[in-house]
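Read from first to last, the chains carry the letters A, B and C; within each, the first residue is number 1.
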Amino acid sequence: MSVQRNYDREFVRTFFTSPTAVQGEDDSAKMIRRAAQLRGIQAPDVWVPDNEDATAPSMREEGVQNIIDVVAEHGADFPGEIHPRVVWHRESPTTRYSGFQQMLEIADPENGAVDNIDGFVIPEVGDIDDWKKADECFQIIEAEHGLEEGSLSMSVIVESGEAEIALNRIRDEMGKPSNTLERMFLLVDGEVDYTKDMRAMTPTGELPPWPELRHNTSRGASAAGLIAVDGPYDNIRDVEGYRERMQDNRAKGMTGIWSLTPTQVEVANTAPLPPKTGTWLLDVDGEDVELTPEGDSQVYDGDDVSLTETDDGYTLVVAGDDHHLDEDELRETLLDLTSYVPSMDDIVESMEEFEAAKEAGKGAIAMTQSATVAIDGVEVSLEKDRMWDEATYQAAQTPITLFQDVYRNRPDQHAELEEMYGADVVARATDVGN
Amino acid sequence: MSVQRNYDREFVRTFFTSPTAVQGEDDSAKMIRRAAQLRGIQAPDVWVPDNEDATAPSMREEGVQNIIDVVAEHGADFPGEIHPRVVWHRESPTTRYSGFQQMLEIADPENGAVDNIDGFVIPEVGDIDDWKKADECFQIIEAEHGLEEGSLSMSVIVESGEAEIALNRIRDEMGKPSNTLERMFLLVDGEVDYTKDMRAMTPTGELPPWPELRHNTSRGASAAGLIAVDGPYDNIRDVEGYRERMQDNRAKGMTGIWSLTPTQVEVANTAPLPPKTGTWLLDVDGEDVELTPEGDSQVYDGDDVSLTETDDGYTLVVAGDDHHLDEDELRETLLDLTSYVPSMDDIVESMEEFEAAKEAGKGAIAMTQSATVAIDGVEVSLEKDRMWDEATYQAAQTPITLFQDVYRNRPDQHAELEEMYGADVVARATDVGN
Amino acid sequence: MSVQRNYDREFVRTFFTSPTAVQGEDDSAKMIRRAAQLRGIQAPDVWVPDNEDATAPSMREEGVQNIIDVVAEHGADFPGEIHPRVVWHRESPTTRYSGFQQMLEIADPENGAVDNIDGFVIPEVGDIDDWKKADECFQIIEAEHGLEEGSLSMSVIVESGEAEIALNRIRDEMGKPSNTLERMFLLVDGEVDYTKDMRAMTPTGELPPWPELRHNTSRGASAAGLIAVDGPYDNIRDVEGYRERMQDNRAKGMTGIWSLTPTQVEVANTAPLPPKTGTWLLDVDGEDVELTPEGDSQVYDGDDVSLTETDDGYTLVVAGDDHHLDEDELRETLLDLTSYVPSMDDIVESMEEFEAAKEAGKGAIAMTQSATVAIDGVEVSLEKDRMWDEATYQAAQTPITLFQDVYRNRPDQHAELEEMYGADVVARATDVGN
């Protein structure tokens, strides 16, 4: 039981923008021509030929023609969805009319591209009435071109305070007789322009983290059956920072992120999937440190924790504090300090176990995770129990549902997924929970 | 001057759920029969015989009968309020109809339980129109059974994005002619299902902290004269973590929390009350460390701060940084680094002083807190002044108002409160500010 | 293209309150008489003779007369705007009527003050309907006194949950035929009373940080073309803490803050302006440490990072972790660990460069910032490139727009600004971007 979604894809990991027309190149469509030929893990779930900010204003007319040409030629074979971004602005009727004309042209069936256009991305939207103006353009375009009503989806970039407020209202407005907002697909944050619109400043010019905006976008998506996508991560060399941002986003329910390069696409296509192997973590003064598997043990090899056996027990030193503990206390303490990041295989196995238990009439079962943790050569066996009931099961299911959605919609990634996890895990992961 | 509350209780510290029917026991009502007999500090402010998630679906019919039996027998003597949770789901009319039937049966006066039922808890609500559907069930039940309109209160579990959005709208909707939402009582967060509904993921499967949800719940409660309650804290062994969560909640204005065991009830009944004795804190590199009272001094005995007398003053080393200070500078620095957690007695005394000053025509007075702080044997006398005006007074009053609410509503805890604070402090605390 | 503002000032840095009548002084108007004569960097952008919380209830009638006398005498020469605060409360018609009478009297043209009154500040507002009641008072006062409709602006203190919710609704309500909410000017947080209204508690009685409230206030201001101002910072000795709060606020788009003393005014008038000189920062274990310029180098002289040359490269030790790096890796690592806080001059120069490039038909250019970083005597030359496009340009413009707004509205601060930056930088900064 959940909010009804109007689209095939339940998740979108990657939103990849490409300039539609670049000046000074032999082929001004070079960037989108290359992007249209991405396949597999480097190909995004949603590809956005970007006829707005990524393309110089003087090139946008040529950009429309480039989109048409490239999508007509390569669109049918592209493995993801295709959603061009056109111009729009809540404060400018002129810009809105330009955006309308761009969409009208790209969607003209005579131009041969529309069959492979899944929708359009509308930037710089304002309050909900502005979203309705964009929707009205879609209605006219579909009617003028004889396309099925609602066949073109609408995604928006949230980059103003009023658009953020509108996130609360989508659910209420969808389905009213004079709009067709059921065509809504993605809610994408645009932090650069949002920062400008909010008139925010940081000393170094770095973007503020905007946790509330991301929460509100994710919640708006959840309430209306849409998909939330975070904005661009400018420092494209900083892969670690990009991963951390995505982990923070996923804890907010925002699974997708903007990608600026095929490398970012690859990282972002992979990051939300469960890892191949599980990892034990030790909490060292508030930070999680990965333990290193060696033989049957999980070894801590840092300097901030030490453990020695004494005559009557153990001395555990964490961040300069000494704890004198007997064996049971030591085990309790380490249970509290450790946690486990389950692998894809672990999650599937736990779900299978819970399903079998449910079949047998049990409502809740204990799942056990064991490890031998070694610190300074002293080994301690731990068993972590966790009660699984229906709610735990369903919450654990999210990464699996994501995996299944990817598997169903992206056959071009099957080989890479099997290489990553092994065919057996992939087979069980596609099967479990259905 | 504040928003009008429709209920006796202004605060609810504890929301304790118990399974209504457990399979494989001689007495399937064992858990609620035991819970109904809790008294004193282990008895919750609100007890929730849980006929939803805590009880297997196949046992819920029996659960309804168990609730009736146990409440009919023990309800009159139970010291807290009793609010059974029934099934409900914003996406399922079938589930909603089951919930209606469960409430209709439990509230039937012929079954002898309704006199001791204070209300019902409705889980999995959606947008405000869904809340109104639940309210409609209450209206029908009260009319069918000849109960006074509004006599059954309604509490909801906020565990979806649309319910979070609805928190903004309660105040506007209450009091409209075709609903009776004035019966609203508790707004309870349900983070497990909320996490599922938001499709959020964390590496270890731990719940995200959801600070915005808790803020919005607390704010919605404040705006509508209701009471905000945080969701379950699963790691029932981790008392320290439970306390930290409650401290974080209280800083958001969310005083109540879910409890899963009588031990959690006891911890959560006690945590929001001011401490018996005050404590001095020293800020060591961003973390507050408690000083140890020894004789007349407050002693720091850690390794991260050192203080030595030199020829011309003092050297204070904090987190590896040396500061050479004269006596006044040292005092200033320590004033900035220390803070004081007042005891119940301190708060009452300050309020009494301010009331006397107000009586004498003064609008603001300075309250002084003195201590001798000792670091490495060097003693420094500190005096912390704080200006109290009407606003400070009123803000300081919150824990006292809470205490008085507890004292008024929970005679069964009087003995334990007097043991905790002494009879004199209890007497003055119940009297001050009235 | 941005939301239309109805006021001259686009930014307000400082909101300075003074008691209108103090008991026991020869001249009860002493405090506001002194405040009215502040000039230059110690004079606030908005001065608030405070006839509410800062003034004892018994003195408020005298306070009204004092406001009239002082503003009639000094108002014309005061360099900032003047917005008295009157009494108001969402729960009390009596208090609201008193506030109305206070405003009616202060705004009476026969009293000679109204020409220099820019508006009124309304505290303790509730939901949007309560804001409309206040607006109705303004309408009546303007009509009764023959003042131009909308000539008195209205600012509110957000200090209740319902007022926070109303922040979402201002934009929708402004411009409806039966209100004149276009007169709205400032949205000011009042965390002391908000904390009381939310019934929040912290162990030491310190105010909670309320990040969500500040976000929502800033967003509400952004959506409705208003200005967001944070509440009072009580610890007036703690200048560093005040600065940190303002930096945090600016990252939320909240540029203004309450000031309680002329010293706080000076700090808060200066803090949002770009620095005179740029600064290099090194990220040391998550904290930004300022490097010290010495000759052509930026020197790190702390103990937490060390760098030594080895036979085959370098050893960089950060927070106890050793990294063995060749020259390129070292440079990459330091590029990641360093950041640069640009000076006013840097920002102006970058904007000028981008404008020239745009003129020449380029949409994006790389801006380079170079430095030689020295750690333990080892020097490394770094070049940081950042791509500037239209969006970067516009986001970077915020501090310059603020500067220009200050320069235009506060001629009394010209001398101090020129002393701070030099006349050349001031001239270019006032010119760029127009």
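Everything below uses one rule, namely that a contact is a pair of C-beta atoms (placed from the backbone, for glycine too) under 8 Å apart; a residue touches a chain by one contact, two chains touch by 3 or more.
The structure displayed is predicted, hence computed values, not measured ones.
The touch graph of these protein chains is complete, with an edge between every pair of chains. Remark: rotation between subunit B and subunit C after Cα superposition is 120° (nearest 5). In terms of their C-alpha centroids, the spacing between subunit A and subunit C amounts to 35 Å. Residue positions of subunit A touching 2 or more other chains: 168, 211-212.
The touching residues of subunit B, counted against subunit C in their complex, run 1-3, 11, 168, 171-172, 211-212, 215-216, 218-223, 247, 250-253, 255, 272, 281, 320, 336, 339-342, 361, 363, 386, 389-392, 394-399, 401-402. In the complex of the two chains, the subunit B residues touching subunit A come out as 23, 53, 56, 58, 89, 91-92, 95, 127, 160-162, 164-165, 168, 192-193, 195-206, 208, 211-212, 237-238, 303-304.
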